[in-house]
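The next part holds the structures, each set out as structure tokens.
You will see chain A twice below: alongside chain B first, and alongside chain C after that.
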Partner chain A sequence: MAHHPDHDPGTGQYAYEDGNALAGPLSEILTVDPTSALGRCTGCGSRWPLAHLHVYAQAPGYVGRCPDCDQVILRLVRSPDKAWLDLRGTVALTFRLGP
Partner chain B sequence: MRHVVNNGKECTFGERRHGMAIVSRGFRGRPGDTHHKLPPGQYETTDFPVLSAGPTPRVDRDGWELTVRTETGARHSWNWAQLMALPSQTPTVDLHCVTKWSKFATEWQGVSLDVLLEDVETAAEFALVHSYGGYTTNLPLEDLLDGQAWIAYRHDGEDLAPEHGGPARLLVPHLYLWKSAKWVRGIQLLLEDEPGFWESAGYHDYGDPWREQRYQGD
Partner chain C sequence: MARAAVPGRLGDRLRWKTARLADRRPESPAAHTLVFDVPGWPGHLAGQHIDVRLTAEDGYSTQRSYSLASAPDGERIELTVQRVTDGEVSPYLADELAVGDLLELRGPVGGWFVWRPEQKEPVLLVAGGSGLVPLMAMIRVRRAVGSRTPFRLVYSVRAPEDRLYVTELSRDDPGLDRTFLYTRSTPPQWPRPAGRLTAADLTPAGSPPDLEPTCYVCGPTGFVETAADLLVALGHAPDRIRTERFGPSGG
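Entry: the complex of A and B
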């Protein structure tokens, strides 16, 4: 992972993980592999697979941010009996499916 | 100094319910609540976990500003020197995070919202708090008043560190900690409630830890 300002040299830890951290919590909702789905940032227009998002998992929910401009792409909150998925930061999600 | 007070829910807000009025509730000087009691579903921790929804903003005090904007568009703002010139309090309060940790008797220094909102005329009943970095959270205006909320800039005798919301954060300890917005930069006063960052994604609109209001519908 490239250097970024949220790397804490004291603990050697990063403030965020990559989008693969979303594989488990998102696959509960989406039946296809969610991290390979392609999105496009509504802020800066960059395109990426969800696996490339910067994911802040140490918050009350998961927050996925654009790797290029840090805009919030998705928020995922799980309660004991519900999940909320907000995808307002991506223009669309493209899933590769079988014919 | 440790202040043992009850949980603040006994406060009355009758004065403000009568429409357009000056927000000021006077300076009651109750410097905070600590119970050493766990709300339902919480456990005690002695460290101070850092939870963050994004990169930590590095806000220079020279460029720092806090703005209160009313429903009519009236704007009140304070730079760092102006904030420091206001009378401060040193509340000792318990913190309750929705991720289930609680931390007892944390020591803070900050300016009461009663002081900041003293000369603000508004009929608003709701507040949307904005942070550097884009975070928002909403709460009823009355929960910011009557000695229940501060703009805090010192913790444990030290300047507030950026990872805990420095240079200044909101401190509203009677609600879950996601309401105590780190890196606070503004308070928007509104006639209608408007959900903030977590409140629009499943978290409870009010977030009272004693009623375990974690998620919508709780």
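Entry: the complex of A and C
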């Protein structure tokens, strides 16, 4: 399928938003801000806050990709009674917390 | 009760709330500011956003994110919604939602693209179109708390009539430097010809990289990518550049 990761083939527009868009959906699950959590890509090893992910929200859920190598970092799907979170693409997540 | 011992944490995840539209006012031909009363609103930080959910009678539901435009003010919040032609949500909010109507929303959320008054370093704000909204919340909080942190705003719009908050941004606000850029058409006798953001627009005295300002960039994805690349090329450290992009579902 000819789908350049940065552009929508139909409109030429960028087809993604960024990890800031995950703040609401992930805040249903986490009690601290998810967008400033630091992760590391299992594909290319780059580090980023989740806010930097490229997020595709046109799917039935959210797909977050590495801003450097485009690997899938996370997938999040919400049904009426469940949230399903796949974090396959990050080695870990580091959250800044108070004492 | 165990829950009462840790108020606001255990068992108290982010939930949808019902807000009531208290007022609305036009900001430009395509944008309106909507003022909501949100019972139980906990306050917010400049740059945070909310999610809005619209549900049709047949159960179809869709969500959008909108930045908070206002400084914290009790249970009252303001959003500025730009109408996107053929959009699914923004035309309803911008044109149809009437004073007294109810709306489902949740928030505030987001902790990355925020400015806190405790930050003392200079700030460079770079806005493309309605990307100004969260940056305006930062300007308003700075003013509300009497902060003397130097702020510089570079605001790019297509044409003069697209500008938001014109009156407020024309007012005296010591320590806030403002630069307007026009990409398609300019006001009469405007010194800078119409055109897209360039490195020269980001270099004037006031926010050189050696002052280590924190840079906040918000706008459409293409604008944000360009602005962030220019800032890095000018010598700003990538970890001092915070970005927020509008996505394709912004309508």
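Note that in this section the second predicted complex is superposed on the first by the 87 of 99 C-alpha atoms of A that agree within 3 Å, B and C clash if a C-alpha of one lies under 4 Å from a C-alpha of the other, contacts with A are read in each partner's own complex, and residues count from 1 in each chain.
Definition applied: a residue touches a chain if its C-beta (ideal position, glycine included) is under 8 Å from a C-beta of that chain, and two chains touch if they have at least 3 such contacts.
Treat the numbers as computed from the prediction; the structure is a model and nothing was measured.
Following the overlay on chain A, a side-by-side fit with no clash is recorded for the pair chain B and chain C. Using the contact criterion defined above for the overlaid structures, shared-chain residue A:A21 touches chain C, although it does not reach chain B.
Comparing chain B with chain C, more residues of chain A are touched by C. Of the two partner chains, chain B is the only one touched by A:W84; chain C is not.
After overlaying the two complexes on the shared chain, residue contacts for A:Q58 are found with chain B and with chain C alike.
In the superposition on chain A, contact of A:R75 is made with chain B only, not with chain C. With chain A used as the common frame, the shortest Cα distance separating chain B from chain C works out to 8 Å. Residues 15-16, 58 of chain A touch chain B in one complex and chain C in the other.
Per the touch definition, chain B reaches chain A in the complex via residues 49-56, 58, 97-99, 134, 178, 197-198, 200-203, 214-217.
Those residues of chain A whose C-beta lies close enough to touch chain C in the complex are 8, 11, 13-21, 23-25, 27-29, 31-33, 35-36, 49-52, 55, 57-58. Contact residues on chain A toward chain B in their complex (touch as defined above): 5-6, 15-16, 56, 58-61, 63, 65, 70, 72, 75-77, 79, 82-84, 86.
Contact residues on chain C toward chain A in their complex (touch as defined above): 9, 13-14, 49-51, 63, 65, 106-107, 109-113, 220-222, 242-250.
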